[in-house]
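As written, the chain order gives the labels A, B, C, D, E and F, with residue 1 at the start of each chain.
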Amino acid sequence: MRDSGREIDELRKINMETNFTVHPEGSVLISVGNTKVICNASIEERVPPFLRGKGKGWITAEYAMLPRATETRNIRESSKGKVSGRTMEIQRLIGRSLRAVVDLDKLGERTIWVDCDVIQADGGTRTASITGAFVAVVLALGQLVDKETIKELPIKDYLAATSVGITPDGTEILDLQYSEDSIAHVDMNIVMTGSNEFVEIQGTGEEATFSMKQLQKLLELAENGMNQIFALQKDVIGKWADSIGEKEAE
Amino acid sequence: MRDSGREIDELRKINMETNFTVHPEGSVLISVGNTKVICNASIEERVPPFLRGKGKGWITAEYAMLPRATETRNIRESSKGKVSGRTMEIQRLIGRSLRAVVDLDKLGERTIWVDCDVIQADGGTRTASITGAFVAVVLALGQLVDKETIKELPIKDYLAATSVGITPDGTEILDLQYSEDSIAHVDMNIVMTGSNEFVEIQGTGEEATFSMKQLQKLLELAENGMNQIFALQKDVIGKWADSIGEKEAE
Amino acid sequence: MRDSGREIDELRKINMETNFTVHPEGSVLISVGNTKVICNASIEERVPPFLRGKGKGWITAEYAMLPRATETRNIRESSKGKVSGRTMEIQRLIGRSLRAVVDLDKLGERTIWVDCDVIQADGGTRTASITGAFVAVVLALGQLVDKETIKELPIKDYLAATSVGITPDGTEILDLQYSEDSIAHVDMNIVMTGSNEFVEIQGTGEEATFSMKQLQKLLELAENGMNQIFALQKDVIGKWADSIGEKEAE
Amino acid sequence: MRDSGREIDELRKINMETNFTVHPEGSVLISVGNTKVICNASIEERVPPFLRGKGKGWITAEYAMLPRATETRNIRESSKGKVSGRTMEIQRLIGRSLRAVVDLDKLGERTIWVDCDVIQADGGTRTASITGAFVAVVLALGQLVDKETIKELPIKDYLAATSVGITPDGTEILDLQYSEDSIAHVDMNIVMTGSNEFVEIQGTGEEATFSMKQLQKLLELAENGMNQIFALQKDVIGKWADSIGEKEAE
Amino acid sequence: MRDSGREIDELRKINMETNFTVHPEGSVLISVGNTKVICNASIEERVPPFLRGKGKGWITAEYAMLPRATETRNIRESSKGKVSGRTMEIQRLIGRSLRAVVDLDKLGERTIWVDCDVIQADGGTRTASITGAFVAVVLALGQLVDKETIKELPIKDYLAATSVGITPDGTEILDLQYSEDSIAHVDMNIVMTGSNEFVEIQGTGEEATFSMKQLQKLLELAENGMNQIFALQKDVIGKWADSIGEKEAE
Amino acid sequence: MRDSGREIDELRKINMETNFTVHPEGSVLISVGNTKVICNASIEERVPPFLRGKGKGWITAEYAMLPRATETRNIRESSKGKVSGRTMEIQRLIGRSLRAVVDLDKLGERTIWVDCDVIQADGGTRTASITGAFVAVVLALGQLVDKETIKELPIKDYLAATSVGITPDGTEILDLQYSEDSIAHVDMNIVMTGSNEFVEIQGTGEEATFSMKQLQKLLELAENGMNQIFALQKDVIGKWADSIGEKEAE
């Protein structure tokens, strides 16, 4: 068992509160243990210049933390006048992941802006952001279907993310909280579809390395965790749950 | 009666949820109608360069909105690479207001960082920020008293803020929501202490003006509203309520 | 009597030199005691994007200080690469104030750029800027009338500004110079029209507060000072003096 | 066989010219097919603030492209005034990878600055940068050993990188050139040590996904390619080749 | 004769008003025809990091234009958030020129900040800045002598600047105003000492070239003009005029 | 003879490698002794806004140094977020110089982007950049002639640059390497055409001055050096050598 009291293959408690704020087309407050992220999806009726006139949509994501989301206060990126490398990496990852499951052709010439704002951080903020953002995007696109702006939900499959890692004593564990993450030898973020296909694997050994065998074990842990998350997403999404993935049959 | 269904001297429903997030020394989620602001107070054990070695503390405030706090999405200030004039005005106002009721000499050489992050906006975000930030500061300083870092709460009086304004048909009203604020001829923000002394008056006629008589009426409305807010703050602050203002007797 | 030798209700000597530089449509060097500001008004034959095609004009203002306008040298904002919060507050105030007396519909689709550059500072630079900028705008618009570009002066009323404040010993005084301003407990800037209607009130107690009674006294002092300033503006404006405010009768 | 005429498991021709420029402690021009990167390693006799006094060293990397390294000219990041998200991701990756094989404790309180400047780009610039930077770092540290500043080469193992990917027709291939990379469904960068341990895996499906089986095939291709690269590095490093990895026996 | 009515070797009327503003140690308003520049010299009792502890002083210059110094309004560099290449070139030139005649060793560990702010521009703003700045620096250093902070004026020689150029019809002319400068084929700025030694020559043919013979003629014109300017500077400097250049005898 | 072993009128060895990289229309690696600069010319089929619709072309230049081009590492300008004054001066000089010999009317509505990237620096990087950039531009424009996009080479004359200077012991020397440049009393950069007309003279005495007689000697040295450089350029340019300057006869 881990210091956190969890089993090595045990996820933290996950909760997703939909319609958390009133203005966005899709709004979700996701909690993964003590990590809390507001995921808002906004629909804009135009696309960036490089896509204009192609009949295709786009998804772009932004990520930020409140200054005191963490144990000690961070300086606001707006005050520093620039976005950090870490922030850029994360928002590029979120956008890329969502684009893998949304059918951009069926979306039509519109942009989905996804804002992931961490209000409380305890490790795994980027993976919680992806898991919550997927639900926010479903709700936002669901509104378009309800308003008959589009005919059907342009979503090809479920999407979620989690982290796995290797502790200093060499154990592979699932869903690292901050106290685990900050000392882990290897840290890996996995983004996966509901069909258990990989969308993204980012594994990093900071001043450490890992073998093929360890990699196998990490991927297994992730897959098992992910399937529990997909079940939760289905519950939260409600009436839209069955419209996802059907198109696969085409 | 107003379009909003409120009387001209009626505040919106105000709620303050304390300890909203776990890391900050003081954390409050304030709702004023549909306006919702996370107010976090962080204690830092040092002061800015201009105050070093003077035995005196400092309070500084930052204010931001989530991109989709509003009806249409705003570009993040971190993406723009600079903080807007509006944001700067508001954060200077919040800091100045709090410094009027906190005894900076008794605070000692420490800085209180106040972060007001608007997660949902419906008018009056700056006044809600001040009202909520005061409570967050009391809680943060209360922690210092509990830990016996300081002997008593270095707070001279209650502090709250509200807005008043003049409608296009010439009526003076209290606590403007966005639909009222966006068409008002005159807009005034008042910051006041529990003893009904002014800390700040900012009255503005955008492409309009107002008379001395109208000003009187606006100030009266504000004072009445403010006294209701002070009562709410006392409830929320709980055990610290009686420690505020006693020093007045000195 | 004050340290400065002035009575509590006595303005500093005000001088306005018109056509101070040759290029701008309106150019005024205003001195208020030792405070000196170059106020230039430039006419641009187009409006910002949000106003295009609405047949309405716009006024925008910029404010800056020469680095050695003050006792000790300040770093240039162009070197720092950003405009300070104080500068933004002031330039927003100047623009907003002028827009309250200029009839933007009659101005037509053009922008007035007002540049207030402080070459010597001794307190009250923002209020001197407004008083001088009003004259520069009248001269610039007068040129448009002379050239028959517009039919009549689109100015609804006079506009001026001054400061009032409360000294550490509790006295209310008019038109604070720097030595008074830097120790005042309360500092208030008032912008008013020739009909003695308020355009803007900004009263601030930095680490202090003020009562309703003190506020009344401050507003009285301001009104008396303002009426002397309007008389000076009329002299300086010369042939345009009678064209202002007539439209009120409509 | 591929359009490029290569076998699916065939690397492009790799060349590393050492001492390419005279000033840096370690300087390498690496060519991987038409991709050419100048990799310079500079030794600085101090560490960043967060490491001072800990007796430990640091490695940091910067990456850039000449504007016309690519088919069409890119705007310089110095002209844009900011470093792109892509650049930040790459330089963080290079630094992290090198830190996994350099013994920072044995390095002592000094920083290695690694500059990877792409002068000609044809896909795989980040992996070529890592492969070349490793050699530049060995040469720079070798100089320290020659000058007897440090006793032995503080390098734990060889380090190289390559890319693998999946073509639109579903074939897994090794070492993608630009014409292959720009249409690949899956793109994966692998960083590995001489002992065939992973340092970093970054696999991405842009608007696509990949299965566990495909992942296995990609990792195999990478491992085979990597072993050929290690052999080349050994040749180039010359007299230092045997000093690397011995410490493994400890 | 030129379009401007001047002879080809005729300077515009030059005027220098000393003590133009009250705060700077040296303050001069220089007019060269319609070009007007405020030149302020400020003394700071420390030097930049690269000179600390060397017993030597420094001179640095900044240059700017009011937005409406020119025929059409320019955007403020503080609004653009960066200083243009042209501004940087000019301020580097002013600083370098002054450092050629001030004895930095005798100045001691202090910095002279020179601010040249153009309030009205009609060609030759950089040369007017140098001529005026020299006088401002003499006055500022004179104050140090008067206060007995330094023993004697640390100035080795007079310094002035002017422009020469070649008109489209091939005539060499002295001191170009804007109407001449904007069409000149060759434009040359010369900075010279009172002993007629060159400090700086910057000659430029924009889409044109010039011969050795033309260069000779231009340099002659400049030398004659310069000698008239030195005479004016002597008058303005008053009691300090004889203290400059004596040191040459050493 | 100089410390460097060269005669006072002796150039360093110059080499120009054409087609150094594959993508640019013109690409040259120029070495002047130990100074090495990659000069790339790119053709863009449009002009900046101020030239649109005028049937005329434009040339613009950018200049940068690799961080470790110098003895000690410099911070990247992209990391600093701004381009230094020195860089701006140099790139403006390069662009201006090239525009003096390219016939912009015959170029038609296209822009030549010239990138000069210093990979190794030992003094004279800006003059080497101009000399190499001229060749790159000839090659790029030659491609346009070969493709029959334009009829003939729109180049009016040869163009090269070199430096001259005065040593601390008063000797005038040609082509300063860094060890000479860093202690020279006077430093002068000359840009000249093949007909020995001046395009640009920039002579500077940092804390020193120079006489008319010294200037003459410097210009003579430059002219002799330049004629050797033109001969080298002719060799390198090959088939285009005879097409330059013929138009002079028109």
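To be clear about the criterion, contacts are C-beta pairs under 8 Å (C-beta built on N, C-alpha and C of every residue); 3 or more make two chains touch, one makes a residue touch a chain.
Which protein is which chain? UniProt says A, B, C, D, E, F = Ribonuclease PH.
On a predicted model such as this, the values are computed, not experimentally measured, just so you know.
Once the centre of each chain is set as its mean CA position, chain A (Ribonuclease PH) and chain D (Ribonuclease PH) turn out to be 29 Å apart.
Rounded to whole angstrom units, the spacing between the C-alpha centres of chain D (Ribonuclease PH) and chain F (Ribonuclease PH) is 34. Centres computed as Cα averages put chain D (Ribonuclease PH) at a distance of 52 Å from chain E (Ribonuclease PH).
Chain A (Ribonuclease PH) has residues 81-83 in contact with two or more other chains. If each chain is drawn as a node and touching chains are joined, the picture is one closed loop, every chain linked to exactly two others. Taken in ring order from chain C (Ribonuclease PH), whose neighbour in the chosen direction is chain E (Ribonuclease PH), the chains follow as C, E, F, D, A, B.
The touching residues of chain E (Ribonuclease PH), counted against chain C (Ribonuclease PH) in their complex, run 21-24, 27, 34, 36, 38, 40, 42, 44, 62, 64, 66-71, 73, 76-83, 87, 113, 115, 117, 119-120. Residues 82-86, 88-89, 91-92, 96, 99-100, 104, 188, 193, 195-212, 215, 219 of chain D (Ribonuclease PH) are the ones touching chain A (Ribonuclease PH) in the complex.
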